[in-house]
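Both complexes shown next keep chain A, but they swap its partner, so chain B is in the first and chain C is in the second.
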Partner chain A sequence: MMFLSNSTLGEVVKSQVEFKLNTYMGAVASLILVQIIGLLFSMNGTGSSGTSINNISIHVSIVSLDIVYIFVALWAFVIGNMITIKTNWHSDFSFVGTRLSSSLANIIVLCMISVFAGVTTFLSNYVLRVILLLFGKVDYVKSSSIFDDPLNSILNIGVMIAFILMISAIGYFRGILVQNNKIFTFLLPVLLITILVTKSGQKLFQYVFIGNESILILIVKLVCISIVFFALSILCSNRLEVRS
Partner chain B sequence: MNNWMLLPLLGTLFIAWLIFRVAKSVSKRINWNQRLNKWTISTYVGILLLAVIVYEFIPANGDEVIDKKEYQALSHENNLFEKAFGNNEESKFDSKFLVEEWMEELEGDTLEIISQGSTFPTAKLNIEWTDSKEQFVEVKMFQTNILMNGVNVTGKIPLSTIEWEKDQLVITAPKAGELRYYRFSNELFALSIGDDIIQNRGIFGDTYIYLKVPKHINVIDKNGLQFY
Partner chain C sequence: MVVIDCQNLQKKYKGMAALNGITFQLEDHKITGLIGRNGAGKTTLLKILAGFIRENSGEVRVFSNKPFNNLRVSANSILVDDQMSFPDSLTLADILEAAPSFYKRWDAGLAASLFDYFRLNPKQLHFKLSKGAKATFNMIFGLATRCELTMFDEPTNGMDEAVRSDFYRALLKEYIAYPRSILISSHHLAEMEHLLEDILLIHKGKVVLHQSLEEVKEYAVALQGQTDIVEKLTAEKDVLHIKQLDSHRKYAVIKKEDSLGVEGVTIQTVSATDVCMFMTSERKGGIDDVFK
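What follows is the complex of A and B.
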């Protein structure tokens, strides 16, 4: 085949990333809605503990990011999946590229979106703090902020980004599998539930998510899982049919 | 991990899925353009950054979470006091726990201790027998450190009150009340890592009453408050 100009893989991927970022701007905007809904659900706290001493019951509501995070995680799964749907996949044919360049562009876009989602999810906790402190009537405990504990904050942002990246990678992989064969639409949820209810599946789940000695180890595990899912997605996407 | 533990997660996922479905159908009816998207994202990021700055300027009148070292020190103080109290080693009592002390003169030879206002004892009591031939009883009241989720609430927990009514020592529990706090966390609660979890920083201190009673006085302790 002959072309007027020869583009390198890097250049093709770059132009595809720029195009995709503009295309998915709406999806990023929807993240804001998702976070706001999560924040509304977090108003009463995400965890609590209490005890009673001298007839006085002490109740501490812990306001963390867990609920917002569940919403954002689901959003990340939807976004990962959405990138693979046919209308979006076909937009790649506007560019001279390969399946590999398209997959790499998708992965880079998912990484960028994950970074944005992780950082904004972390910061959204501060909106909740300000609202509850200014308008709430309950005593509060002065909790550490970004400036009090910058290293820990960076690590927490890192774990959030890694988690979102992993979920979007799973969503992306699921999307690619479904594009290959529709039977995976039903097979994958069954497989997931089976893993979660079996002892070995639970052990694997605990190994990855629970009992980590440090946040860094967890981040490394999550990034490794993401890489595995992205690699599998690239392999599977090569089996996709050409545009009909 | 219990399979039932998955139910809240599945419930939340179901609610989130429903919201996504509604949001998707609504978004189809709204014609968002790129400019509006960019404007929305920029404004939101601006609000988030502003919130971080505003939080720093909100006056710090709230209680602070104590660090691990301080927590361990306070816990150690409580343990030492508890041990000394149980062994009647008054000289080892930490004076910082002393709330009040006084002497009371009994009319008869019997001292009755009554606890009221609560279904369970709200104070621990110990007696040191003295060789004194007088009718005086010395009373000392202590309160040890109380921490909840890393917050020192010692001064905020009202103490039992002590009254003397004709050779009766009446210990009345404080009225039922409630203390509520918000504690913000930068971390994911579900992923609390390591053995130093703030939620575990709890010290459940007590109110202690130490009596010095002459040996010839007979003490009746119906509610079993005495620390043997």
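What follows is the complex of A and C.
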């Protein structure tokens, strides 16, 4: 008599998410390093002006976190991509799982990582202020705090999370395509450049990123794009062969 | 109850047929040896059964389900081979710790004691293990899952002599204590003959033989004697193997039948290993023919 164990999709996905969070702990830790490096680059400031009135000279530096954002975006792309590499994708099949459960678990993990990355990146703003005051040549730092405009701050965090999620979704999709066929390693950059130089491609970018009436709409757009890429990834990975 | 049911299973790799119409059924709670030459299609068959790859045509059912993308098959079967991979960031101890949440019948006690016995280092990373240690760890993992269908693909590759015999012993003890269906592929039939009940012999992507070990041992007989007598006896028969021993003596293997007793010819039994080898060889002679 055979006794078969029955696992539901939900149970398996839950186990896989826990397992993957353990596995990618190092990758999440690397985010902190990426942010620190970004902060160090940011300290010089992106623009400055100076005036002097009656022997008092005023020097204004504009310091922004743009470099941190760029670094974190790159990191998100790499993480999305890393999850699909052979050892990670194949190890799911040493345990219990299907391609669908693996994809769902990967997506949930990417969402969780994006939230973590979004919040910490937003907070790194405050770290920068402290660093500037302690180590920089400044006497006064002016910037809005989370309490000045809580709603706006929350929306800013939301945009950050949604943006990181979208980049990681693109990275994930790229990884799945490359697993399907190595030719995408070359094909995708070519495709991206083609889109960037064509008129309709530029219009698409403008539609998504520029001219949004509110931040909320931008967040919705970014999340929708992420969902599209994740859905495409699930479709593309559903026929992937393992250990072949 | 039927665990595996394959009907005319075919799989092609870039136009080359790896499986060319495999048909067989596997009953539950048996240890079956999947025997075949290099490139016979053993690994391909096991990967299809595990749901790793998809068949091109034909029917395959494991626990009455199609294995590709099936959660029930995945939860109740495991394929242990040298390509088994685990995340690079996890230690062996981490892997064993993660397993019970996936495999409901995971035997942590067995895993721990085998782990100790084979002196594996719990802090070691899986991808850094030597070939033999990796094979040992994978074997422990496979046994501890207690999956209803446990498949091993060349499990002893890389293991030393002592570990090999320990492995076969552990497999047998586990099987007796917790019966399950075990499919084990190898090209060394002789060293695992003592644990097999059935043999599934495949050649060039087809099933050649699916019988109990006892039947395979009785399958053929060897005739040895003067060339002309042996030739006369085997003239109208299906000769599996033939060899000229010296200038006037010949050795021939034919399918077993009664009343072969003729003076001047001795009749010998043929081991299961030899039966499998002769049935899958390309020509009647052997390597000697090349050097003639």
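One rule holds in what follows: the second predicted complex is superposed on the first by the 220 of 244 C-alpha atoms of A that agree within 3 Å, B and C clash if a C-alpha of one lies under 4 Å from a C-alpha of the other, contacts with A are read in each partner's own complex, and residues count from 1 in each chain.
Everything that follows uses one rule, which is that a residue touches a chain if its C-beta (ideal position, glycine included) is under 8 Å from a C-beta of that chain, and two chains touch if they have at least 3 such contacts.
Fair warning: this is a prediction, and the values are worked out from it, not measured in the lab.
S.K.: Of the two partner chains, chain B (first) and chain C (second), which one does A:Asn22 touch, if any: first, second, both, or neither?
M.R.: both
S.K.: In the superposed arrangement, does A:Leu218 touch chain B (first), chain C (second), both or neither?
M.R.: first
S.K.: Which one hits more chain A residues, chain B or chain C?
M.R.: B
S.K.: For A:Leu134 in the superposed arrangement: first (chain B), second (chain C), both or neither?
M.R.: A:Leu134 contacts chain B only, not chain C.
S.K.: Where does A:Gly47 make contact in the superposed view: on chain B (first), on chain C (second), on both, or on neither?
M.R.: Only chain B; A:Gly47 stays clear of chain C.
S.K.: Contact-wise, after the overlay, does A:Asn152 reach chain B, chain C, both or neither (first, second, both, neither)?
M.R.: Touch status of A:Asn152: first partner only.
S.K.: Kindly list the residues of chain A that each of chain B and chain C touches, one partner per complex.
M.R.: In the superposed arrangement, which is not itself an observed complex, chain A uses residues 22, 25-26 for both chain B and chain C.
S.K.: Contact residues on chain B for chain A in the complex?
M.R.: Per the touch definition, chain B meets chain A at residues 1, 3, 6, 9, 12-13, 16-17, 19-20, 23, 27, 32, 34, 37-38, 40-41, 44-45, 47-49, 51-52, 54-56, 58, 60, 62-65, 117-118, 122, 146, 148-151, 153, 157-160, 173-191, 193-194, 199, 202, 204-205, 207.
S.K.: Would you mind writing out the residues of chain A in touch with chain C in their complex?
M.R.: Interface residues on chain A, with respect to chain C: 1-9, 12, 15, 18-19, 22-26, 86-88, 90-91, 93-101, 238-239, 241-244.
S.K.: Which of the residues in chain C come into contact with chain A in the complex?
M.R.: Counting only chain C, the residues touching chain A are 1, 3, 28-29, 47, 50-54, 63, 69-72, 74-76, 81, 83-90, 94, 98-99, 101-105, 127, 141, 148.
S.K.: Which of the residues in chain A come into contact with chain B in the complex?
M.R.: 22, 25-26, 28-30, 32-34, 37, 45-47, 49, 51, 53-67, 69-71, 74-75, 78, 120, 122-130, 132-134, 136, 138-147, 149, 152-153, 156, 159-160, 196-197, 202, 205-206, 209, 212-215, 218
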